[in-house]
Structure formats: structure tokens, C-alpha cells
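In what comes next, chain A is part of two complexes: it sits with chain B in the first one and with chain C in the second one.
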Partner chain A sequence: MNPALAFLRSDSGKRLGACLGLGVALALMTGATGRQDDYLYAIKEDLFTFHLIENLLIGVVVWLLFTFWPVIRRYLTRPGALGLLAGAMTVIVAQTVLGWYEPEDAKFSGLATLVGDTNGISALSSAFFGWLAWAQLIAVIVVGAAALVLRNRALFWVGAAMAVAAAIIASQAHKKVDELAGVVDHATGVTVAVWGYLTIAVALAIAAISTDDVARTREFVNAVLGWRPGFALGAAATALALYSLGVSSWFAPKSLNATLADVHSLFKGTSLAPIAVQYFIWLSWALVIVAGALVLVAAYFRSIILGIVGAAAAAVGLVITMISIHAITSLAANSENTYATKGPWQNLGDGAWWTCASFLALAAAGLVVAQSALKGRSATAADAAHDPSAGPRFLYAPGATLAVLGAAAAAAIFIPPTLEPSWQTALVTSIGIYMFLAIGLNVVVGWAGLLDLGFIAFYAIGAYTTAYLVGSLPVKPPFELPVLWAIPFAIAVCLIAGVILGFPTLRLRGDYLAIVTLGFGEIVRLVAVNSNGITNGPRGTEDQVPHPVINLGFVKFTFGLDQLPYWYLLLAVMVIVIIFFRRLENSRTGRAWAAIREDEVAAQAAGINPVKYKLLAFAIGASTSGIAGVLFATNVGFFNPDNFKFEFSILVLAYVVFGGMGSLPGAIAGAAVLTWLPEFLRDQVPSEDRQMYIGAVLVIMMIFRPAGLIPAKRRATELRGHGPDSAESQAVPAGGGLGGSYA
Partner chain B sequence: MTDLTKGPGSPEPLPAVDGAPAASHMLDVDDIEVRYGAIRALKGVSFHVDQGEIVALLGANGAGKTTTQKTVSGMMRPSLGSITYEGQRIDGIPAHSLINLGICHVPEGRHVFPRMTVDENLEMGAFRFKRQDMDVRAHVLDLFPRLQERIKQQAGTLSGGEQQMLAIGRALMGKPRLLLLDEPSMGLAPLIVAQIFDIIRQVNADGVTVLLVEQNAAQALALANRGYVLETGEIVMSGAGKDLLADDRIRAAYLGEEIAAS
Partner chain C sequence: MNDFIRYTIAGLTLGSMYALIALGYTLVYGVLQLINFAHSEVFMTGAFGSYIVVDTLVGGHGRQNGFMVVVVLGVGLITGALSGAGAAWLLERVAYRPLRRRGAPKLAFLISAIGASFFMSQLAGKLFNRQKNNSFPNFFDNRVLFSIGEADVRLLQVIIIVAAVVLMFFLDRLVQKTKLGRSIRAVAEDAPTAALMGINIDKTISRTFVIGGALGGAAGFLFALFSSLSYQMGFFPGTKAFAAAVLGGIGNPRGAMLGGLTLGLVENWSVMFLPSQWTNVIAFAVLVLVLMFRPSGILGERLGRAA
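Moving on to the complex of A and B:
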């Protein structure tokens, strides 16, 4: 036979064909946008230009990876290899996909062209955007890879230093361009590239000091966190606070970027409260240093008292910081000759919020110190690793959970104010609301194992119940309620709706139940569309659902168009729901759900009434979704049945599966990532392509991490195995996965 | 050793009396008929189980053994006839409620919770109590030392025999007075089957009445006080275990012995 033909027929040849096909698909995915006057334009542009060759080369690289995988794998497991790879990919993505210059909406290549056309630009910038960007990336990768292959300690340090230098060059080159243009630029490209380089630097530095043959990332992370519980978080928070005080912008109305020191001179001679004046001179530094030092010393000596004192100092710092930034913003809002007129808490720079976040994280770190010292956990992370009940958890170091919670709380509270308004909107209306829905659906799908494809119906019921109760529908309630009072009613109505749907259908299993719930979802939407007299049909709510008002007598707060307060409202309700669900998961009810999901016959034999517990899961899931409906209705004001289309049910299910079925943090993370991604891609890729990228992420995730982002404890062991005897167990044992749980 | 029968308010075990009047039977199945649609799977089956006995229900594939067992354990409803347990009608009571009466059932095919540990499986067996009885747990682990060794292991990773042991152990955690076992020997190696039957004998010695549905006639009859033979939905033979074991027809049908010589 012809040798070429023989190659094509071999496995390797077929694989090459598939990879080249992938290249063509990729070329079509990332190529030109179509034109109305020339239907074949996009295909011609994609397939008959250099663009195709680029993508075919990617196909060849993938093929080479497959073919030489056993060899590559050996190097990939070495310490630092994955970090180098991830960092390099991040930089490549930053320099190809992300935006680099906001005013012109330009990506890296676009900005490079602009820089090339501009005279008088600094040598560094013109070099960077001319050739240095790619050259330095290749140099870092080559040095890093050489160090990995040769296992040369010195070369690792050289690579790390080069990566740091590359990060500095990138940020400086970009900064010079912005300075020359005199604009405020929020493009993400350069930041992401810097983070990519820093990832490489850290990975190579760790590799340089590591003595292992095979990277043990989990052990390393836990060793860092467990060395002195609370120390890592405290150190990171102190570093962030010092950076914020020294460099970041604190007060940033239009065309002004005042640092901490600038703020002092800016407000000199005004009627600023004395404590705020002192704060901007020295108090801020003193607070950070005292609180940081206390926490770090406490962590080092594992001292309970010092930890608590440190936490208290950090709390005082947080309060004083908030008083001070409130003082400057309200002063600015009331004075006439400033740029800022929007009101208190507005126009603050990133630094102010980051400092608040740092103080909160420091307080958390102090508590971590106290808690782990109190527990008397002198056991090191290595000992904890042998505890079989720790199982597959990623973080098993003592105090790690509390530290992560503290960091998450600091981020959730103080990062949103630094975001752009469009991001704040996205945070509330898609990320926050869908996190809520995912938490609810996780009860039904993840815990009770019931596939519900019409979950969005309960969300709709919650929203319409709210609209009815506040008098925004054509039918009027006997008495109108303030909007937040609708929450208990929405919970009750959704609970009843869940029972009504569940009672006749829960005898069905698996696929049948899925179809019935799908039908239910559509029925609810179609009823909303068609009952003009009740829901005002496809036109949606008649009057606006009012924004909430919180009136506690001494404090009164009215929500408006600003999205940030809704985020805090959402966060507060979500925290309550999460605490409740956390308890539920470990309760008798949670165990009954787990038993039914695992084996219904055995559960019955153990005395568990499956119908009762399934109904309970349905009702609890539905009422969570009802709360989300209330918050959605009051936030948007006007809505119509199109907000509750079938596809949203599927999306919520995708979030739960992506995050890790049955895992509460997983559902939250899954919803956060998958709602963040389309918002992020909005500015980066053509809008028609967004869904395609999300689909690709889902497919890749399900291939490489089928248990989800943060797998539930049980499902994780199922996939990871449990000690030596698990070698022969399959990746997904019979009865695992979605289908099996119902069969 | 702990007495497993000491459920709340349980009567003292009565001595087994063969042929005693119906009122004193612990479980009395009276002329039940069960249908799968148009098919009559059980055509009037009657038998009884007395306190403290081991009773074996034998039969070939499709004879109706499992249907009988499912009907007694409340997974199916008879269309005719009645089932009485300690003087109370129990046909129609759903499976999950029967355990509160002291009837515990080990379904066919080793239904353990595969992704729970052995420990958690046992805990689920005591679900009907607010908290598990640690004495019973210790007793179960005494009976099955293998489970103690694998206490933190996921049930799905156990061998078939260990899973069967776990299923029985879990049922015992519910402190049953009547234990229904459906084909505990299915798919297990002879040595393991012998072990499991040994344990059944021990459980019975502790005062738990056992209704055993089996295909493995030789071992089941060797263990049982009495046996019933089911054929196409009817009881065709009954008697003491020893007598049935000696019966030529049984030997021919279930032990595969050549009787042609006689």
C-alpha cells in the first residue's frame, strides 16, 4: 500500500485528520464576521487567508501533543510545569483575545498598529508593541522549559527573574501609552498579561526551591496555609493594604486619580473631620502596620489573645477607614467646586476599597489564628493529610476553610464598589440572581437527585407574585405590600407550586420527571403570556415594581437605580440561605436525600419515605427560586414572560453541573463563572460567538473534570478513587452521573 | 451479647410452635394474589412464620419468590388476600413504614448506598431512630468483622460478599424483629455464602425471626426450620427443612440430582 495512505489509515493519521479538522473549525470560530452583501465573505476570509494556516498549525501542535503525550506528560508533572503552562496561556490569551486600549476598543494588535503610527512614543513602548511583547514571552517560555527539562536551579531563577521583568516591561509600556494619550484606560489585557507573567515567576521560583520530582500542588498549598494558620491570609492582606496606601488611587472622579497622599493635600483647609485628616496623614499607615504586625506575630506564635487583639485592631481600622472615606466623599458631594456630585461613597478609587477589604481579611486572619490555636491543632498539614475523613478535599490545612471564607467575604463586600457600573449591573442581574437559582436547583438535582428542567418556572412565579402583591399587574391585591414583604409570600406560593408540581409527578423517575418538569416550565410561561387580564400578557408588568425601601425606624434606605445596594441585599439574603442549606445538608433530611439519590429501594428499606423527601426537596428548591424572583422583580421593575424562557432552566442546570452537582460552593462557583464568562466575553469576541465559547468551556470541563469545579465530597471520591483498591474502579461507576442517579 | 429484639415495647419472644393456631403466628400470609397487569404472579399463596423461626421460601426463577417477598415488605400490594403481622393487617402499608413495626427487609441484589462509607450505610440503617444505638452497632460489627476493617471505605468499593454483609448489617441497625432476606447468596462464592448463612443463624439465635427467600435450596433448607416451595405462583410443597431436603422431588428440581436410578 502507498505509505502515505497507510499513515492516513493508522490511528495517528486519523488523529492528525481530526486535529486539522479542529483547526478549520477554530479558524471559522475565530474568523471574520459575515457581511450582508457577500454571504461567503466570512468563509473566504477564514479559509483562504493566512488565518487558516495559523489555526491548522494549532491543530498540528495538538496532534504532536497527543502523539508524544507519554514523553510530555513526564515533564508536565514536574514542579512548576503547570504554572508555566497556565501563565503562558494567560499571556497568549491576553495578547490575542483581550482588549488593550479602551478608547479605541483595540486589542493588542490594534494597539500595536496605533503605537506604530504614533510619533514621540517612548522607546520602551514602541519596542514592546513592535516586537518585544512576543519576543519576551517566547524567551520566558524557552528559559522556563529549558530549566524544567534540565532541572537546573539557576536557570529556574533566571526564568523567574525574566518573567518579573517581562511583567514590569508590559505594565510600563502600556502605562506610557496611556500617559501619552492622557486617557483613563480600563482595558483588561495588560493586567491579565501581568498576572500571567507573575504566575510564571511564582511557578518557576517554587520549582527552583522544590526538591520533588513530581509537583504536589495540593500538598504545597496546604503546607503554606497550614504552616501557621492565618499567616498566609494575614500576609497577603497586609501586602495588599500597603500597596493600596502607597500606590493606588483613593479618590477618582473624572480625570483625577488621587492617591492617599494627594487626598490629604486635596482636602487641606476644608472642614474635613479631624479623624479623617489624621487618617490621610498617618493614621492609615499606623493602623495597617499595627493590625498586620499583630496578626502576623499572633499567627507565628499561635497566640489566641494576640490573634483576637489583631482582629480587633483590624476591625477598628476598617471602621476608621470607612468613616474617613465617607467623610471625604460626602464633603465632596456637598461642596460646589469639585468634580464629584453624586453623593457619599461615590468616586472612590480602588485603593480605598482594597484597604477596606484588607482590613476585613486581616480581621478574618486574626480569627483564624485564634480559632486554630483554640482547637489546639498542633498537627501540621502533613498529619491532616493522613486523616482519611479529610478525603478528597482540596484544602485540608487547619483553618484553611475559615481563611478562604474570610477572603471571600472581603472580596464579596469590598470589590464590587470598584467595578464599572456595567459590571455592577451584571453582578446583580445575572451573576447574583443566577447564583441564587443554582443554589436552589442544587437542592433538587444535586441533593435529591431529581432532574428538573423547568426550574425557571418557580422564578417566574416568585417574580409575578411580587408584581401582584405590590399592585403592578392588572389584577390588584386586596392591599398593597411593600416589596420586601413579598419575600415570605413568594416563598409560600413557590412552596405550594412545588408541591403541586411534585405530588403527581414524583412517582416518575429520571427522564419522565424531566419531561414533565419541562412541560411545567413552559406552561407557566405560556400562562403568563396568554392571560392578558392577569399578567398583562407579553407586554409584561403594567406598572413598575417599586424599588425596595428598608426602614428600620432609625435608618431608612431607599434603593434606586444604583446597582450596588442590590448586591448587598442579595448578598445578605444569600448568606442566610447558604447557612440554612449548609445545616440542611448535614441534617437528617440531607442524609435522607443522599440515601434516596444513591439507592431508592435501600432507602425505603431503611424507613425513608421517598415521596415525602422528594417533595420537600422540590418545595425548598422552588422557594429559593421564588426569593430570587422577588429580588429580580424589584431590581428590574419591569419584566415580561420572555425573562423566563426554557433556555434559562437549562442554563441553571448547566451551572449546577459545571460547578459540581450536590456541592453548595460548587453551585455558587459554577453560576458565578458561567455568568461572568459571557459578560467578560461581551467586550472581547463578536457577540454572536459568545455562546460558542461557553459551550466549548462546558465541553472541555466535562471531559477533564467531570465532577465539576468544586466537586461534592461523595462525587469527588467517586471520580478520584479511594486509596490503592480504587485503581480498577471506573472513572464513573455504573449508576453514577446524571442518568444513573434516577434510574 | 446484645439482644437485637429489644425494640420499644416488643413482646418477649415466644417459643416456636409448629402448627399452632393462626392467631399466634408472627406473620400470617393468607391466600394472597398479586398481579402484574393481566399476569397473575401469585395465585393464592398462604404461609406463616412463627416467632423465632427461620422460614425459607424456595423456588426456581419466575416462581414468584421475590414477588412474595416484595408483597410482604410492602413494595407491592396484593389484589386479594391478607397479610397479618402480630395480629395487625400490614398489606398496603408502604415499605418505609413497616420498619417501624419491626419488619426489616434486605432487598435482592445488595442495595447498599455505594457512595457512602460503611459507617454511613450503617447509620442510615438506624434512620428510624433519632440517633443510632451504639450497642447495636457494636454488635453488628462483631457479627461482621470485615465491616469493622472497612468502616471508612465507600460501600461501592466493597466486594460482593462484603456488600451483602453490609446490607444485612444495615438492616439489623433498624432493630428488626422480623428480617426479610431476599436471595442473600446471589452471585457469591460458595465460601462466602456459607459465611453469610452462618451469620443468619447467629442473627436468628439472637432472637430475630427470619424469612429467607432463596434459590440455593440445599443451604437454605439446611438452615431453615421450615420451608415452602413455590412454583408458578403457588405453594406446591411445605414442611420442615430437613424433610424437604430429603424429598426426592426437591432434590430433582433444585439440587439437580439424577433420580432416574430410583
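Moving on to the complex of A and C:
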């Protein structure tokens, strides 16, 4: 046979065809947007220009990756390889996507043009923005890759040193530009680039020391975390606190960026509370050093008492820090001078919040020390060695889970205030709400195995129930309620709706259920659109749904347009729900769900009533969605049926699947990543195209990694399939005809 | 009475299109026991594919003479069917076959299909445009062919019904009489045994997708003729056609035809009692009711025993 033809018919040739097809698909996906007057416009633009060649080249690269995967894999698993890759990607992202210069809202290339047009710029800066930035990145990658391939220790050290130098050059070059312009710059680009280089440096340094043939990232991380439980977190928190106290900005109204020491001189002679005055002179340092030292010593000696004392000291530090920053901001809010803030807690610099986060993390570290010491002084990482039967667990060192939770809590509470308002809005309205929805849908799809395509309907029901109860719809309730009181009613209504929908349909096969829920979701939306008298139709709510007010007698807090309080409200509700679900997962109910999901007949034989448990899952998912609906309604104030389209049900499903069906951390992470990414890429990808990529992600995930980002332990085994022999796991036997062709 | 006749004719027109789309669902369900969620996008692809070709061919010249009407119809049906078939073939290759080879669980197939459906619809939105008011050039000028009582029967309605009936007749013959039809029925009946009898299952499944896709694509052309075309046009007809397939007994081609006509009629008759914006709700309500009381549909479920 003709050798070309033979190649095309071989597996490799078919794969090349598929990869070229991928290139065409990519060309269409990333290409021009269509026009109504010429339907062929976009296709012509995409397929008959250079654009197609670029994307076909990507296809060829993918094909090469696939073809040489065994070889590439060998190098990728070497120590340091993943760190080099991740760091390089970070730097690339920083230099293409992120902002580098806030006053002009410029990215790297924009700032480079600006620098090129400016006279009197330092040689370093002009070189960096001219050519050095990319040149040094390429140099670092080349040296690092050469070291990986040759396994040369000296070369690793050279690469690490080059990465550190690159980080210093980048930060200095950027600093010089800011100094010359004399502006305050909050742009993140340079910081991220520096972190990317530092990642590379650390990875290469570890690779230089390591004697392993393959990277053991998991073992390494667990060894660090498990060496003295709580030590790693405590050390990191102390370091961050010291950095914040020494260098970072604490008070940043308008064009000011005052460090801790600056704040002291700024407020000298004002009526600042004495404790805050002392705080800005020495108390802050003392608190950090005392709490940090206590926790670290406690961790080293595995002392329960010292750990608790350290945690308490950190808690005291947190309270005093918050009192002090509240004191300066509220004082400044009432002042008339140029440094007036917008109100208490406003205009604080990153350092203030990072210090708070560090104190919280330190307190968590103290608790980690106490907890793991309680569990047994003899417990070390080696003792708690990874038990292979425990499934794919990443963190198994003693206290690691608690430490991660503590760090996550510190980040979730104290990082959002440092974000820009647009990011805070995104955090609440898209990331937070969808995380919540994903947690709810995870119960239905992940645990009970019921494909619910109308999940957003319950969200709509929750939102409309709220609007009804507070009197924002044309139909008025008998008595109007404060908005947060709508939560129990929304839960009840959604529960009932879930049961009404579920009771007749849950006896059906899975795919019928999917289509019925889809139909239900559309019915709810169409009813909302069509019943003008009740829901005010497509125009949406008649009056604004009021912002919530929390009145506990002694404290009264009114929510407003500021998005941050909603984040804390959302976080509080979410934490309650997560704890509840966590308990549920391994309870009798959770096990019943797993049994039904895996084999309904066997579960029934074991005495489980499938309809009852399916209904329960359905109702629980529905009410979670209802709570999210309440929070959504009170946050946005006005909404209409377009907020509850079928697409959103699919999006939530995509988040759950992407994160890992049946895994609670997976659902949260999936929603966080897939809602964060489009916000992050807002300028790169048109917002209407997001859903296209989401669809592609769903298909690709199902083909290559059906268990998701963070696979659920129980679920992972199931989704991996049972090989071609087991009949019940497949729709049709996989073999082609007389079989064997893909065996 | 005139209203009744008018709505009946409209219902038959709509129903015959539902039937064409429903056949795609039912054939795939027969061989794979899976709902092909992305079939509505195959339908949409057929509409866009035929539009592009027909538009390039005759342009927006409006009313055509008799000869051109025949040409447009023929070209439209063929290109619609071809693009639908191509889309369905690709869909099977990309979103179904890799999962089948890995022996993935059913939920994974459903999710993959949903992802593909989402992707195709949004890609069409990007490539063509995201307006909702794109319409085919009006070839037939709403010409009235004849009247029953005072109810007018339009040329377009007759064309759609006739085209659909012809296509369905050929499909029925294909499934009943040809070798391919026999292998489709065999795979639907018992895939492992069919494989032992020398039937290439992969090929049969692929061809089933292609046949269903061709019918769906042709339906897309017909639908776009009397309605409009947009990247989301597949959603409602697709879901309703699925309802029709279930109504007639999913997996059973004759059931899909019957179910499609029934649903089209019910939907149009409902306009006599309820405002027209509730028609979509009624279609979904019918689906839920059928699933509750007779999940196996009017004619029962087996493709293999359809004869």
C-alpha cells in the first residue's frame, strides 16, 4: 500500500486527523464573530486566512504531545518539572493578561509602549520592557529544561539563581517606572510575575537537592506538613505578618500608600485611641512575634498547652489589629483633610488585611498543634504513611486538613477586602452564588446520581418567593417580612416544589428524569414570563427587593450597595450548609445514596427505599438552590426571568462535573475556578463565548477525566469504568463487531 | 369549526416536523439506550447549512417561479440533510465513541451530550450571529393552495407535510427492509448477540446517528422555512420532539411519527382554549404527564419489534 495512505489509516494518522480537526475547531472558536448580513463572513475569516494555519499548528503540537507522550511524561515526572512549567505559565499569563500599570490601565505590552516613548527612564527599565522580560523568561526556561533533561545539579542551581535574578530584575524595573512617574500603582502583573519566577527558583532548587528519579510532590508536601504538624502554617503566617508589618501598605486613601510606620506619624497628635497608637508603634510587632514564637515553639515540642496559648495570643492579636484598623479608618472617615476615608473599614491597604489573615492562620496553626498533639505525641508523617486503600487522597499528613482549612478560612475572610470593587462584585454575584448552587447540585447529581437539568428553577422559585414575601411583586403578601426571614419560607417552598416534581418522576429512568427536570425548569421560567399579574412578566420585579438588615438588638447592620458584606453573609450560610452536608455525606443517608447510585436494585434488596432517598436528595438540593435564590434576590434587588435560563442549569452542572462529581471540595473548587476564569479573561474572551468553552470543557472532561478536578473517593472508582468486560457499566459493548480491534 | 380545521392543519405541519426530529432521538435511543441531548443542535445545524447554500444559490430574491421552488426545496432538503448527517456523525465520533470505548457510565454520556449540545449551539451563535430574527428568504409568499371551508391551506404547509411524509416513508422502508435497517434492529434488540452475528456495532451506531441526523437536518430546513433560524432554535423543537418520541414509545420509529403528529395537534388545539404563549408550557406538561402515567409510550418501546 501507498505509505502515505498507510500512515493515514494507522492509529497515529487517525490521531493526526483528529488533532487537525481540533485545530479547525479552535480556529472557529477563537475566530471572528458572525454578522447577520453575511452568514459566511465568520467562516471565511476563520478558515481562509492565516488564522487557520496558526490553529492547525496548535493541532500539530497537540498531536506531537500525544505521540511522544511516553517520552515527555518521563521528563515531566522528574523533580522540578511541574514547578518549572507552572512558574513559566504564571509569568506568561502575567506578561500577557494582567495589568502592569494602574494609572494608564495598561497591560505589559501597553506599559512597554509607554516606557519606549518616555525619556529619562533608567537603562534597566527600558531594557526590561524592551526585550529583557521575554528574553530572561526564555533563558530561564531553556536552562531549567536543559537541567531537567541532562539531570545536571550545577545547571539546576544556575537555573534557580537565574530565576531569582529575573524576579529581582522584574520588580526593580517596574519599581523604577513607578518612581519616575511618582504614582501609586496597585497593578498585580509584576507581583504575579515575581511569584512565577520564585516558583521556578524553588522548584529548580528542590530538583537540585532531590535524589529521586520521579517527583514525589505529594510525599514532599505531606512530609513538610507532617514534620511538626502546624509548623509550616505557623511559619508561613508569621512570615506573612512580618512582611506586612514591615513593607506593605496599611492605609491607602486616594494617592497614599502608608506603611505601618507612616500610619503612626500620620496620626500623631490626633485623638486616636491609645491602644491603636501603641499598636502602630510597637504592639503589632510584639503581638506577631509573641504569637508566632509561641505557635512555632509549641509545634516544635508538640505541646498542647503552648499551642492553645499561642492560638489565644494570635486571637488577641487579631482582635487588637481589627480594633486598631477600625480606629484609624473611622477617625479618618470623620476628618475633613485630604486623607479622609469613605468610612470605617474602607481604604485600608493590603498589609492591614494580610496581618489579620496571618493572625487567623496563626490561631489555626496553634489549634492544629494542639489537635495533633492530642491525637498522639508519637504521630509523625512516617507513622501516618499513606494508606493506599484510602483512595486518591492528596493530604494525609496529620493535621494537614485542619491546616488547609485554617489557611482557606483566613483567605476567604481577609483577602476579599483587598480586592477591587469590580472583583468584589464578581466574587459575590457570580463566584459565591454559583459555588453555593454547585454545592446544592452536588448532592443531587454527585451523591444521589440523579441528573437534574432544571436546578435553576428552584433558584428562581427561591428568588420569586423572596420577592413575594417582601412585597416586590404585583401580588402582595398578607404581611411583609424582612428579607432574611424569607430564607425559611424559600426553603419550605423549594422543598415542596422538589417533592411535587420528584414524587411522580423519580421512579423513572435516569435519562427521563433529566428531560423532565429540564422541562420543569422551562415551565417555571415560562410561567414567570407569562403570568404578568403575579410576577410582572418579563419586566421582572416591580419594586426593589430590599437589602437585608441584621438586627440582633445590640448590633444593627444594614446592607447596602457595598458587595463585601454580602460575601460574609454568603460565606456564613455556605459554611453552615457545608458542615451539614459534610455530616450527611457519611451518614446512613449518604451511604444509602451511594448504594442507590451504584446499583438501585441491589440497594432495594438491602432494604433501602430508593424513592424516599432520591426524593430526599432532590428536596435537599432544591432547598439549597432556594437559599441561593434568596441571597441573589436581596443582593441584586431587581431581577427578571432571564436570570433563570436553561443555560444556567447547565453551567452549574458543568461546575459540579468539572470539580468532581460527589466531592464537596471538588464542587466548590470547580465552581470557583470556572467562574473565576471568565472574569479573569474578561478582556481576552468575549463574554458571550464563555458558554461555548464550558460546553467543550464538559465533553473533554467526560472523555479524559470523568472524575473531575478533585475526585470523590467513592465516585472515582465508579467513573473510571470497569473495563470492557463488565456489561452493566456500558451502553453497548465497546469492541467493534467481532471485537478485538481496540483491545 | 373553521378554527378547528385551521389549527388541525397547522398542527399537522408542526407535528410532521416534530416527527422527523423525534425519529433521530428514537433511532439513537434504540441502539444506544441513550437520549442524544445534542440532537436539537443537529437540527439547528441542518437549518443553517441549508440556509447558507440556498441563500448563495438564489439570494434573497423573494418569490420564485415554480421551477425554482422545486429546485430550492430539493437543494434545501438535501443540504439540510447532509449538514445534519455530518453534524451527527461528528457528534458521535467526538462525544460518544470515546466514552463507549472506555465503558463510561450512563451519566457520563448524558453530560458529554449536554456539553456537546451547548458547544454546538454557542459555536453557531458565534459563527453566524446571536440575533433571533434571521429568516429564510420568503419563497412562497404565503400562497394559499386551496381552502377547506374557510380555512386556508397554504402551499408551504402542504410542502412540509408532503416532504415529511415522504421522508418518513423512506425511513420506515429503510428500517424494515434493508440490510442496514436489519442490523440497526439487531443492535437495538441485543448488541452482543448482533456482534456475534457479524454486525459491526460501531459502524451501525455511526450510521444510525447519520440517518437520524439527516432527518433532523431536513426538518431543520423545513422548520426554518416557516419560522426563523437562530442558534437557539433547536431547544424548543428538540425538547418537544423528544417529548413526542417518548409519547409514541421511545425506540420505536412508528411511535415517534405518531407521537410527533399527536403533540403537534395537541399543541395547536390548545390555542383554542389558552393564550398562545402557554403552548410551550403545555408541551412540557404533556411530556411530564406521559412519563408519569405511561412511560413506555403509546406504541411501546422496542425498535426491534416495531415491525
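We take it that the second predicted complex is superposed on the first by the 596 of 743 C-alpha atoms of A that agree within 3 Å, B and C clash if a C-alpha of one lies under 4 Å from a C-alpha of the other, contacts with A are read in each partner's own complex, and residues count from 1 in each chain.
Rule of thumb we're sticking to: a residue touches a chain if its C-beta (ideal position, glycine included) is under 8 Å from a C-beta of that chain, and two chains touch if they have at least 3 such contacts.
Remember, it's a predicted structure, so these values are computed and weren't measured experimentally.
After overlaying the two complexes on the shared chain, residue contacts for A:Leu451 are found with chain C alone; chain B is out of touch. When the two complexes are overlaid on their common chain A, residue A:Pro610 makes contact with chain B while staying clear of chain C. Applying the stated contact rule after C-alpha superposition, one finds that A:Ala595 touches chain B and leaves chain C untouched. When the shared chain is aligned, no partner comes close enough to touch A:Gly659: not chain B, not chain C.
After superposition on the shared chain, chain A has more residues touched by C, the comparison being chain B against chain C. Judged by the touch definition given at the top, the superposed model places A:Val516 against chain C, while chain B stays out of reach. Under the contact criterion defined above, the residues of chain A that touch both chain B in one complex and chain C in the other are 718, 722-723, 726, 729, 733, 735. The touching residues of chain C, counted against chain A in their complex, run 31-35, 37, 48, 51-52, 55-56, 94-95, 98-112, 114-123, 125-131, 134, 187, 191-192, 195, 198-203, 205, 235, 239, 242-243, 246, 275, 277-278, 280-281, 284-285, 287-288, 291-292, 295.
Those residues of chain A whose C-beta lies close enough to touch chain C in the complex are 28-29, 33-36, 39-40, 42-43, 46, 445, 449, 451, 453, 504-505, 508-512, 514-516, 518-520, 522-523, 526-527, 529-530, 646-647, 650, 653-654, 657, 661, 688-689, 691-692, 694-699, 701-703, 706, 718-719, 721-724, 726-727, 729-739, 742. Note for the complex: chain A touches chain B at residues 388-389, 588, 591-592, 594-595, 598-599, 601-610, 714-715, 717-718, 722-723, 725-726, 729, 733, 735.
On chain B, the positions that touch chain A within their shared complex are 73, 75, 94-97, 99-100, 104-107, 111-116, 120, 123-125, 127-128, 152-154, 156-157, 167, 170-171, 174.
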